[in-house]
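Reviewing the structure listed below.
Letters A, B and C mark the chains as written, and numbering starts fresh at 1 in each.
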Amino acid sequence: MKTNHIIEAQQFSREWLEKELFPLADEMEKVARSKGSNELSGKRMVSFFYEPSTRTRLSFHMAMDFLGGRVVFSTENAREFSSAAKGENIEDTIRILSGYRPDVIVLRSDKEGMAKTATEYSKVPIINAGDGSGQHPTQALLDLYTIKKEVGKIAGISIAMMGDLVNGRTVRSLSYLAGKFSGIKIYYISPETAKIKDDIKDYLRRHGIWFEETNDIRKVAGLVDVIYQTRTQKERGTSVAYAKDDFCIVNKEVLDLMKKDAIVMHPLPRNDEISKEVDKDPRAAYFRQAENGLYIRMALLKMILAG
Amino acid sequence: MKTNHIIEAQQFSREWLEKELFPLADEMEKVARSKGSNELSGKRMVSFFYEPSTRTRLSFHMAMDFLGGRVVFSTENAREFSSAAKGENIEDTIRILSGYRPDVIVLRSDKEGMAKTATEYSKVPIINAGDGSGQHPTQALLDLYTIKKEVGKIAGISIAMMGDLVNGRTVRSLSYLAGKFSGIKIYYISPETAKIKDDIKDYLRRHGIWFEETNDIRKVAGLVDVIYQTRTQKERGTSVAYAKDDFCIVNKEVLDLMKKDAIVMHPLPRNDEISKEVDKDPRAAYFRQAENGLYIRMALLKMILAG
Amino acid sequence: MKTNHIIEAQQFSREWLEKELFPLADEMEKVARSKGSNELSGKRMVSFFYEPSTRTRLSFHMAMDFLGGRVVFSTENAREFSSAAKGENIEDTIRILSGYRPDVIVLRSDKEGMAKTATEYSKVPIINAGDGSGQHPTQALLDLYTIKKEVGKIAGISIAMMGDLVNGRTVRSLSYLAGKFSGIKIYYISPETAKIKDDIKDYLRRHGIWFEETNDIRKVAGLVDVIYQTRTQKERGTSVAYAKDDFCIVNKEVLDLMKKDAIVMHPLPRNDEISKEVDKDPRAAYFRQAENGLYIRMALLKMILAG
C-alpha cells in the first residue's frame, strides 16, 4: 500500500495496520528512546494549523526531528492570523504552500473535508491533523496502536466509547477503523443529547459490527476491554446536557467494576470526566497513549518521506 | 553594489537587478528543485513579524532552509504578543534583538518607516518584509523578476496596475522599481476613491515614465503585457467604494481582450477580484509569481549572508 | 552542585554562582562571538510559554542554537491557544510534553508556583522562564552576572531597586539572590502603593541584609553602585499610583547625582521610567544586561544538557 496523503481512517487496510504501521511504530519507539536517526535528513515539514492544537503539533515536530528532518515553518492559529483571515480559500493557500517546496504539509483545519480538498491542490503529501468535526486519522491510528499494545489484540475486543459522541472526531475515526477488525463489540455511552450519529451506525451495520447504546458506563464497565473516554468539545461551541441518570465519567467506582486487564483511554486534554484518582491505577493508559502518538507519527513520516 | 539592509525598492539599480539578482534567482531555483545547499550553514535568522503574514514568513523560512541556514526564532504577531504590547519602541526592540547575535533579522511591521528606523539601531542586516502602507521590497523584486521571466523583458512593456491603489504597498513599490527601466507605460485602474497617490505620480513624472489613469480595465486590457491585480486591503481598515461604471476585476471577459502572451499577476491572497475561471488560463501567472518569491528571497539571503 | 531543574533564585549557592556559572557565562560569550559550538548537538528543547515574552523566548532559542541544540517546538501564548484553553491542568500538560521526549522544557507560566509543580510531573529538566508574579530565576542570574561584570564585585555593593516593587518578579528574585552575598545594602525606591512585600523584608532580616525604603531616587542616587529600575507591570492588571513627591525615574538629573562608575540596569522592556537621554551615557548598562541573558542561558543549558 502506497502511503501518500493521510486523510481519513477508512483509507487504511487492516493488513497494512498490523503488518506495516504497528511494527514500524514499535521500531520508532526504539529510535526515539535512543538518540534519534538521520533517515529524514534534508526533508522539510510545514505544519499549518488553522486552529491551535498544541499536543498534536508538538508530537509532529518531535517526530520529524527524531528522524532527522526539519520543521521549517509552523503556524498555530492560521484561521485568525494568516491570509485565511484575509479571505483566502484553502485551494489558493495549498497551491502556494506547496509551491514553496516543502516535502510534507501537516494540516489542521477547522472545517470538515478541508484536508481532502487540500490534496487536490497540493504537489506534496498532506497529513490531516484533524479537520473540524470531520476526522483526525493519526489520532485514530495511535488509539488503535495503543489498544494493540496494551490489550494485546484488536479483533474480538469489546470497547466502550463515552462522552460527547456527536462532536467527538476521535470516536468517529476510531469507529471507522474498528470496523476493519472482526468480532469487535462497541458500546456507545452518552447522554441522550450527544449520541453517536447515524452515518457511523449505518457504517457499522453495513460492516456487521455489533454495537449498543446506553447512558451509564457502570452497566457495561465489567464487560469491556477498553473504556475510551472523550471530552466535551467546549471549543466547538457545543455544550452537552447531562440528565439525572446519565453516568458518563470514569472514577474509582468505575475502576472497581472494570476487568483487571482492561484499560482506560482518553485522547486528552481531559477536564473532569476522568477523576484524578484514576491516574495512579495501572489501567490508566491515557498518558502512554499520548506518548504512542510520537511513535505512530514517526512511522507515518518515515513511510511517506523516506527513500 | 553592497547589499546589506533591504529596505525599499528605490535602493536597487537596474543593473544590479538584471546582472546580479535575477541571474542568482535563476540559480536558486535549481538549488531549491534539487536538495538545497549548505552555503548558509551556521547562519541564524530571526523572523520578527509585528503583524501576521503567513506566506511571506513561510517563504523566508523556506529560503533560509534551502540554503542550509536556520530560522532560530520567529514571532508572527508581535504587535499583540511581544514586548511591543508592553509599550516598547522599535529602537529598544531592535537593539535587544540584534544583541542576541543573529545573522539577519526579517522584519514585518505595521508602521510605515519602521524598517528604516530599525537599521539605525541594528548591528545586523535588516530585511524589510513589509512596513504598514510603506514598502514591501522583496515583493516588488519578485514581481519584477516574474515579469522578466514571463514576458522576457521589462524595459518597454506596458503594465496595468489595478485595484486599491491608495493602500496597496505592492503597487507603490513596483511603480518605484518600474521607474528604473526605460519605455515603460503604466495604466492605473481603480475607482475614484482609490487612485494612486500624488507622491508616486510625482516620482514617475520626474523620471519621465508615461502613465494614465482609468476606472475600467477593459479599455486597456488589449494594450498591456501585464495586468497586475491587487486586493482591497480590508485588514488596514479601509474599504474601497466602487461606482457603477468601475470595472476593476479580471474575469473571462478580460482574458478574451488580453494579448495572447500577456500575463495576469497578483501578490495574493486574492478575494474575488480574479475569478476562479482565470486560474486555468496559462496567462494566469500568480501562483508562479508566488513561487518566484522563494527564489528571490534565497538570492537576497545568499547575497547578504554568504562569505 | 547538580543543576537539573532551574526553578527559583534561592536554589543557587554563592559559590556555584561565582565559581561555576559566571566563569562559564564568560566562556559562552566567546562561543557566541565566534561561530557557536556543537556541544548540544542532538539535544532538543521545547519552549512552552503560557504568556508571551518575546525576548526571553528569543534568548533561549538563540542560546540553544549557539550550542548546536535545536528548538523543536515553541508556543508563545499557550494560555489562549493550547489545550490549557480547553481546561487542561499543568500536571497533565507536563506529563504529556515530557512524554514526547525532549531533553529540556523551558516553561513560562502566568501562575506563581507553576514551574515548581511542573517539576513533579516532568521526566526531563524544567527551566522556569518566569511564573506569574513568582520568580524569573534566569533573569535574576543574568542581573547578578551583569553586576559582577560591570561593577567588578557583588559583595559589599549598594543597590537601589526602583519602581513597582509589589508586582515586579525581577526585584523579588534579585533580592533573594543578593541575600547570598555579604555586606550588600539595598534601597527600595517606590511609591507608597508599590512597596516591596513583607516576605522579602523578612527574608532580608533573617539573612542580616541591610535595607531601607524611600520614594525618591535622588536621595540615594549618589550612594549606590547600581540603580535597578523596573517597569510598571501594566500587563498584570496593576496600575501604580504615584504621589506628588514620588521620584522614581532615571533621567539626566539622576545621572548627574550618580557615581562615575555606577550603572543603570533595567530588565526591559521599559516605558518612560528611563529617559532616552540616559541611553548614551556609558553607565546605561541595560542593553548589555539583555545581551548577558544570552550567555547566562547558554551556560545553564550547557550545565543541564551537556554530557
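In the analysis below, a residue touches a chain if its C-beta (ideal position, glycine included) is under 8 Å from a C-beta of that chain, and two chains touch if they have at least 3 such contacts.
Just so we're clear, the structure is a prediction, and the values are computed from it rather than from any experiment.
Look at the contact of subunit B with subunit C and you find different residues on each copy: under half of the numbers used there are shared. Superposing the C-alpha atoms of subunit A onto those of subunit B requires a rotation of 120 degrees, given to the nearest 5.
Note: centroid distance subunit B to subunit C, computed from Cα atoms, is 40 Å. Shared contact sites, meaning residues of subunit A that touch two or more other chains, are absent.
The touching residues of subunit B, when paired with subunit A in their complex, are 32-33, 35-36, 52-55, 57-59, 61-62, 65-66, 71, 76-77, 231, 234-235, 268-271, 287, 290-291, 294. Per the touch definition, subunit B reaches subunit C in the complex via residues 42, 44, 46, 70, 72-73, 75, 78, 81-88, 92-93, 95-97, 99-102.
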